[in-house]
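Two complexes follow with chain A in common, the first pairing it with chain B and the second with chain C.
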Partner chain A sequence: MNAALLSLKNISMEYSNFIAVDDLNLDIKKGEFISLMGPSGCGKSTTLRMMAGLDNPTSGALYLDGESQLEVPTEKRGMPMVWQNFALFPFLNVQKNIEFPLKMQGVPSEARSKKAAEWIERMGLTEFAKRNISQLSGGQRQRVALARALVTEPRILLLDEPLSALDSHLRIKMQTELVRLHKELGITFIYVTHSQSEAFTMSDRVVIMNQGKVQQIGTPKQIYRAPNNAFVAEFIGMNNLIPGAVLRLEDKTAEIRTDLGIFKARSFVGAQKDTPSKLVIAADCIHLDGSGEQKISGKISGEEFVGSVITLFIELKNGQEFKVQKQQHEVESLNLKYGADLTLSWNAENAFLLAS
Partner chain B sequence: MNNYSDNLVLSKNISTKPSIKVRKGRWFPAALALPPLLWQFMFFVLPMFFLLALTFWEVKSYKPVPAFVMDNWIRILGSSSFQKALAYTIQMSTLSSIITIIIALPAACILAFRINKKHQPILIALLVVPVFTSYVLRTYAWQVVLSPQGLINWVFSHLGVTSIDMLGGAFALQIGYLTLCLPVVVLILTFSLLGVDRSQLEAASNLGCRPHQVFWHVLLPSIRNGILLAVTTVFMLTFSDYIAPLLLSGSNPPTLSILIVDTIKSGAQWPRAAVIGIVMMLFIGLVLWLSQLLSSKEKR
Partner chain C sequence: MQARCIYFLERLYLLIIFGFIATPITMIVLFSFNKDRFPGFPWSGFSLRWYEAILNEPMVIESAINSITVGLSTALGATIIGFLAAYVDYRYKFRGKTALNLIVAIPPAIPPTVMGIALLAFFARIGLFGELKAIAIAHIAIASSFAMALISLRLKELDTSIESAAWNLGASRLQGIVFVILPHCRTAILAAFFLSFAVSFDEFMIAWFVGGLNETLPVRILNLLQGQVSPRINAIGTLVFALTFSLVASTLWLMKKKQPTT
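Coming up: the complex of A and B.
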């Protein structure tokens, strides 16, 4: 076998009326931070639960260090999970919550409280050690949940949308803390999220899932710059897609005919003349000054301002909406107005075709 | 109209308006609450005072007459039959609490966790329906089942086992108490289990709990308040129950409720019966206070 720490082989999870996970294959390396990302109902949480042993797949195999895991009950798998609602025990105080997994392992009470104290300090919870869970803020609960999961020194930590219950300010703070924790511990983090920013900022690799199937596995940059298919290109947000059909194929480039004109772009493996495909242009690769070689025109229909970056929404002739992402000062200097005609342009090397 | 913001007086006037509205609204809920309050005062608080006063009265030619003597208290508290009955009743109620919880908890677990969500309401309804039939009737039915000529002994006789008289003892009394309490307790525990966050149970096994550890270390502490409520309910219902002792165990030994009736029957000793009644209420109060003390106060 290869060097994968955790291996999912042809895992499927079928319910009577739908398939939650469909023939999933995934190798997770030792020490990596990997995110499973996708829209709700894509099977990412089910996949995580199957790793933890909370659900059993209807078919497939799961290996940890080459050893089959599906027969191993969840309490013996040693893959603690951090839950979306933290699932802390309200009848135990902070320290007892953190000691809980050690107690279940039969660790003597002295060693237990010593170990818990280390984690309480590490997580900055010293003054809250004797408090009830109900007296803690969301961020503090999050830290207790992390400490409780990590106190047994597992090799793999599973995180199921752990930040979604926090407000956005805290979420960003916890992201940096998670990354720091991952670096310090050197263990494998498997992180489930629907948030692109969480997955992309923290992960070494991201797995994009949809309808129970893996759509793409890669580094955040690979996925961002080279989406595998139209779903990924659309899901990760800042891409513009124009449907059409391949008109002419050259060595590595192709021409696509769309109802907005004929465009040049990078081709994809297996492309053939007349196959329906989609032209993809990232929103930040579009010029407003007409300097690109491929051109298209439209009207400004809206804007979204998030600090230094601004997203313009351009309505094209066929009614389709195009997104353009620019630095705010750059847009300001152009002195644009709502409804004004605008020429969008990009270079062919920044556009590519995807099978649709 | 005007610019309110820079007119201090006007803005003050505006702010007083809603508070008038609030005050106006206050008498309405109070009015709604008044009838039950009056009812409680007339038929609970006043009779309580009367009951207390009655304990100091005297009985002259089979009639209670107003007086202020400690004689009833001294006689009752000092009588060995009262002490025995009190001890026996506490013992029986405590035993019943334990037995009921032990029988009800597995049933509640199955109802709450193992049953298909579709069938859950039907099964809960089946649990409630027997409560609609008369408790006296149900207890009588047990008399028929348990009596020397009853169903069980009929089966025994056909199996060649000598018949056992099951009526008239702690066993029959416990059966009666179960008839009274079991459906209620299963309901209390089921709803308390349904309120347990499933992810906590999953988290427990994920953190290394074997199934029995999940039960002892997570499930039981989670429904602690539910169990306390169930225990106090059983204790209160059985402590003052008259039907089961009357129909199933007789007065050998008597429970406090039997003793009250006996005391009244033997020479119209209403004041002494009142003493027993007050002591019973104090005990129930004590149990309620204890359970309050033991219940966990943490908010979710």
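Coming up: the complex of A and C.
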């Protein structure tokens, strides 16, 4: 046994017409902030619901501290969840909402209101304690939902896209608050999101899922710099992928033949000659001044300007689109024009091959 | 000019419709307070003598008590069954759910005569014929579908994740119903209770078929009418109308009342 607090072993969730979660294995450590991330329908929310006992897997096992959980009913699991729509009780006021889990545990009324009052103060809700839920803003509801989930002092907190109902300004603020809460409480946060920025900003580890399967588990940096496969490389956004076939294999490097030419790159484990694979170059590893050893040409087809960083979209001669990410001042000094020919270049050490 | 003309015509049209519906009831109410034995204008003067007359008639009082007993039993039974059916419909997906919903909706759609004869045969066979219980059971069968419809309507406003959230926070299935579903539905449940009472209180045909010697108020009215046309009937009619009207009005008011949904 390793030190995993929560262990998912070969968990599958099959419906009559599709498989939501496919043979998933995951060990979650005590006290970590772990995110499950993937496109919608990848099985991340189903996985979370299975941990909470709201759905039961069709096969597999779930252990909490080495104890099997699948026979334990939802209400006894002790893994409260923060819901995407908050799922607050509309007919109860803020304080009664927060007291609810204590009431279910049979805590006497006096102790209940004392405990609730602590959380009301901690979450900055003092002046709203007697208000109805409908009178609260999105951010306040979020805090009530958090207080209600944490009032029983659980070991694990489940969060199902909790920030997606908030506007972007509030989302950033709540991220900071969540990280602070996690640090202060020292409990395990399991966070489901489709947002890369949320997952990467807050998590110790990120689990990338697609079509019910785990694609990669790692720290945000590992996933960003060393994606395991083409799906991850594409999903996390700022990567350029060119399909091709392995032409020559050396010790750790290889050459790939693509319809844009032959390129050198780092190889992957188990690569074989002539296997189809994808060449991956991160958008921020591409030079515009021709200083890299690998070269390719194209035309500027668009740009996306988000403050200090600018993303250029380059149309290659086979019609594929390439993304290049640069500092804004760097691009400005080059004086680029739409439709102008441009040479993109990168160094072989920054490019790698992935099985496709 | 033209707009004002259309506005006027619209109002007139509404007035005619309302008049058409309300005139017979208004007549009954008016003549129940008339001194004269025979209905006719001009009014011969205000009087409560017909109300006094019915209060001194044991059979009318008895039938009124019967009606209220059956009405309350129906309201209680139909509301419980209606609530449970609405909850099952809200919470579970299963094979044959559409069929079940259809079956629940059928009783009010069957002609009362047919329903009355069928129930008469059935109750006679199981030895319940002629008892108030039989009337109440028959009324529950009809009123349940109205109760279910009202409570379903309210339940649809509750996101299913809210009850799941209660389970997740430590509520058992029963606690989920008691602390989440019932508080959410309380006005609809009250409305269903009133409406079921009104449905039972007004129902004549089935009560006439299966009640035997136990008469409810509508049955008593018919029996009175068969004997003689007396203004006492206007008095009874007015009281029945007043009760039913307030029940239905309360139902509508409860269903329209704004409640937190979030």
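Convention: the second predicted complex is superposed on the first by the 356 of 356 C-alpha atoms of A that agree within 3 Å, B and C clash if a C-alpha of one lies under 4 Å from a C-alpha of the other, contacts with A are read in each partner's own complex, and residues count from 1 in each chain.
Methods note: contacts are C-beta pairs under 8 Å (C-beta built on N, C-alpha and C of every residue); 3 or more make two chains touch, one makes a residue touch a chain.
Being a predicted model, the structure only gives us computed values, none of them experimental.
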{"item": "Side-by-side fit of chain B and chain C on chain A, or clash", "value": "clash"}
{"item": "Touching partner for A:Met209 - first (chain B), second (chain C), both, neither", "value": "neither"}
{"item": "Partner chain(s) touched by A:Pro90 [first = chain B, second = chain C, both, neither]", "value": "both"}
{"item": "Partner chain in contact with A:Pro101 - chain B first, chain C second, else both or neither", "value": "both"}
{"item": "Which superposed partner A:Pro80 touches (first chain B, second chain C, both, neither)", "value": "both"}
{"item": "Residues of chain A contacting chain B in one complex and chain C in the other", "value": "52-54, 73-76, 78-81, 83, 85, 87-92, 100-101, 103-105, 132-134, 148-149, 152"}
{"item": "Chain A partner contacts - residues on chain B that touch it in the complex", "value": "197, 199-200, 202-210, 213, 217-218, 221-222, 224, 296, 298-300"}
{"item": "Complex interface listing, chain A residues touching chain C", "value": "52-54, 73-81, 83, 85, 87-92, 100-101, 103-105, 132-134, 148-149, 152"}
{"item": "Chain C - residues contacting chain A, complex", "value": "159, 161-162, 164-172, 175, 179-180, 183-184, 259-262"}
{"item": "Residues of chain A touching chain B in the complex", "value": "52-54, 73-76, 78-81, 83-85, 87-92, 100-101, 103-105, 132-134, 148-149, 152"}
